[in-house]
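For clarity, chains are labelled A, B and C in written order, and residue numbers in each chain start from 1.
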Amino acid sequence: MLKNIFFKNKGPFNIQKIFTKHKFKNNIKIYDIKTLDQASKGDLTFFDQPNYKSSAANTKASACITNEKLSSVLPQSCLPVIVPNVLYSLAQATIQFYPNSDIDYPDDSLKNPNKSKYPSVKFGKNVFVGQNVKIGKNTFIGSNTVIEHDVEIGKNCIIGSQVFLKNSILGESVVIQSGCKIGLKGFGFIPVKEKNIKFPHIGKVIIKDNVEIASSCTVDRGSIDNTIIGENTYLDNQVHVAHNVKMGKNCMIAGQVGFAGSCTLGDNVSIGGQAGVSGHLKIGNNVKIGGGSGVVKNIEDNAVVMGYPAVSFKQFIKNWREN
Amino acid sequence: MLKNIFFKNKGPFNIQKIFTKHKFKNNIKIYDIKTLDQASKGDLTFFDQPNYKSSAANTKASACITNEKLSSVLPQSCLPVIVPNVLYSLAQATIQFYPNSDIDYPDDSLKNPNKSKYPSVKFGKNVFVGQNVKIGKNTFIGSNTVIEHDVEIGKNCIIGSQVFLKNSILGESVVIQSGCKIGLKGFGFIPVKEKNIKFPHIGKVIIKDNVEIASSCTVDRGSIDNTIIGENTYLDNQVHVAHNVKMGKNCMIAGQVGFAGSCTLGDNVSIGGQAGVSGHLKIGNNVKIGGGSGVVKNIEDNAVVMGYPAVSFKQFIKNWREN
Amino acid sequence: MLKNIFFKNKGPFNIQKIFTKHKFKNNIKIYDIKTLDQASKGDLTFFDQPNYKSSAANTKASACITNEKLSSVLPQSCLPVIVPNVLYSLAQATIQFYPNSDIDYPDDSLKNPNKSKYPSVKFGKNVFVGQNVKIGKNTFIGSNTVIEHDVEIGKNCIIGSQVFLKNSILGESVVIQSGCKIGLKGFGFIPVKEKNIKFPHIGKVIIKDNVEIASSCTVDRGSIDNTIIGENTYLDNQVHVAHNVKMGKNCMIAGQVGFAGSCTLGDNVSIGGQAGVSGHLKIGNNVKIGGGSGVVKNIEDNAVVMGYPAVSFKQFIKNWREN
């Protein structure tokens, strides 16, 4: 069971204590909250969208927040917790385990880095580093950059100036240019007039080896899941990556592209400038998406699409000629 | 008459001194420059677009820069100042009252905050705060953030790192994530070859209680008017809010959305990622605008629109099927 | 021959040493690498796109990396170096001359500015300035701004807070608002699975007199060429300007517009919010591009276009009515 290194887990809690309005025959102990795929015995998970059925059928979680209709998919080993609003109950449960995960409270452990702790790291001026930050050899951190507690940065990385990093794990030879904001809480909340309920975000950002992220990008951390950028993937300036997005290897993402929450990209995907990808979509391997496109449905491997909404490139050219 | 707390008013001036080429029978004293709606007795206002007719008919201003055609709408109590280019004359008059409002000169009163002045405020490292900044209890300001003179921040706010704030008034429990730039001069100028005339921006940004603004957003202050973000409205990453925009309560604005100058949103408006709203438009209550849309006309209450240009969602789906 | 002031040139090299796999009859000395237009005697250039034919025919370079087919266009005075992948060979050659130009290594010469060196410049708090930075009289640099080595800033400029400047030359009376990142390496690389080859960027950003760049824009430096923003051109918030882009005078670029690499704009071009211009395009003088447009082909002088893909405004309205 992987421990959350960025948030202190206040658990375990008995399930009866988490859902006080429910009645459970078996008051099992819950140790953590995880996604359907990542949960293991002792974990609580959630299931609110039919397109995650196969993950639900195979989850190893001990309990699952869900609704009546979807609950039948869960395996015998997983106790269903039937609720009217899955995300609301998930938020309530998560905040019990991780109380300060619904707002990005600034890290008050920040200090100028102790050179003796980071003997082979180069720092620019006025860099602030939180507790337990790990930085690999030959990495260079630019001026006025802030790296909050427990962030891990591999060796041979170049982090530019005025960067903000929290809740992130970076591989080796990663380049992050000036002005990027990485690992912040995503755009998740339960709308309530007068005062929305802020959804806790306990995930992280994982950036693999040889990734390059150009200037002024924003990459939000996962909510329950993680946000992942695969090996050797390059992002141009001002790209927006929402929570839980997963990109494969060797992708090329041009300037000002936006990814809504929980979309996944295969390997070798290339996307032209200002394109947008809607939430929860699956983009296959080797897909090419033209600049300015708006992708609103899943895209199969090797497809070339363009347009708003995006269609096959052939169709796009045909539509254009006819107009 | 509300005083401008961010800019020092050099007035009052006699109207004859403001418009030296005009001849006035009654050389009235002008105390300030305000919008049609906000002006009271002693104020100068301006009127250059027919869609503000009802405001013009009811203005309490003592004088109004306008053109021949529109001037007939003004009430008897308001002296019309007929000019060939309303915005040019407005800029000239405004700069007389507020000489340094056409460029964002950095604040030279900035200092590290005096802990005794802000006993119940938490500050990160290397925060700079200008003269007369007010910050409420339990507010936390992140590292490397700059807050210029006279800004007011309510209690229980969380302001992230590397934020820049000027000419802004924030309510309570406001969250502003890392990298936001709020209160800067908007994109307003009178085009002149060789050297444009920069339009003075004397307005402010008003952010109401419980607003959340995600990472790397830009919110420009108003020109003569204010820019307002209503209670409990949430903005995702990289949203661009131009001068004089007014948003209602409980709006949800997804990533990379852009608002051109002076557009207004009702309450409970939700807008998908990368959509854009043109200048001076009125978006009603409970409107839903799909991701990637380009809105180029007013939208009535409760409408659901999508597309570029945005049409009703029904029509959008119909067009798509036919193509 | 103009010297590169931002990168140290390790040359000259004999051409045989640059291209070890080739055999040259005449082992000429190469002093620098330039574009077809800017190269003079002793320079190496490159030619890989037919639309640069007239520049190729008139180049003064002594040698040119190109392919078999295009090589016939070159003048007698220019030695063709025939390669399978022009950009790959160009990258290899460039990195020999300028070893550290493929990654934005933070400047380790940064210091708080010495007031005696800049007696008539105003600095905010915590400004860092690199070696040989030149700043003109009456210029004001905002707090937490970083200006790397050899940058030149003219007189009467206003540089906001939290700005990052490298490899840039600014004229007089330039205004750059808070959060802009200017002069960084552009999005250029040769895709290689496992580890892309980062394309060296040895160009600069040239910003002419009276330019205004609003908050949080990114302007990348040129690769071999320069990125240029012409006199009196204004950029609104969150504009993305890729490498080698050239804008003329008096342009108006609204918020969130994106320019792909190497596109050129004439004078007096105005572009509405969120529009995008594809790479290597030529936009004529006095062109108007509507908000949200996606420009995918060259546009002639005085044209008014809109749409995605952009068509004449007349056609755009016609298509809209028919739908």
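The rule is short, and it goes like this: a contact is a pair of C-beta atoms (placed from the backbone, for glycine too) under 8 Å apart; a residue touches a chain by one contact, two chains touch by 3 or more.
Keep in mind the model is a prediction, meaning the values are calculated, not measured.
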Rotation in the CA alignment of chain A with chain C, degrees, nearest 5: 120
Classification of the chain B:chain C interface as same or different, half of numbers criterion: different
CA centroid of chain B to CA centroid of chain C, Å: 33
Multi-partner residues of chain A (each touching 2 or more other chains): 126, 144, 162, 179, 216, 238, 256, 274, 308
Parts of chain B lying in touch with chain C, wherever the complex brings them together: 103-108, 110-111, 126, 128, 144, 146, 162, 164, 179, 181, 184-187, 189, 191, 193-196, 198, 216, 218, 220, 238, 240, 242, 256, 258, 260, 274, 276, 278, 294, 296, 308-309, 311, 319
Complex contacts: residues of chain A adjacent to chain C: 122, 124-126, 140-144, 158, 160-162, 173, 175, 177-179, 210, 212, 214-216, 231-232, 234, 236-238, 249-250, 252, 254-256, 268, 272-274, 291-292, 307-308, 320, 323
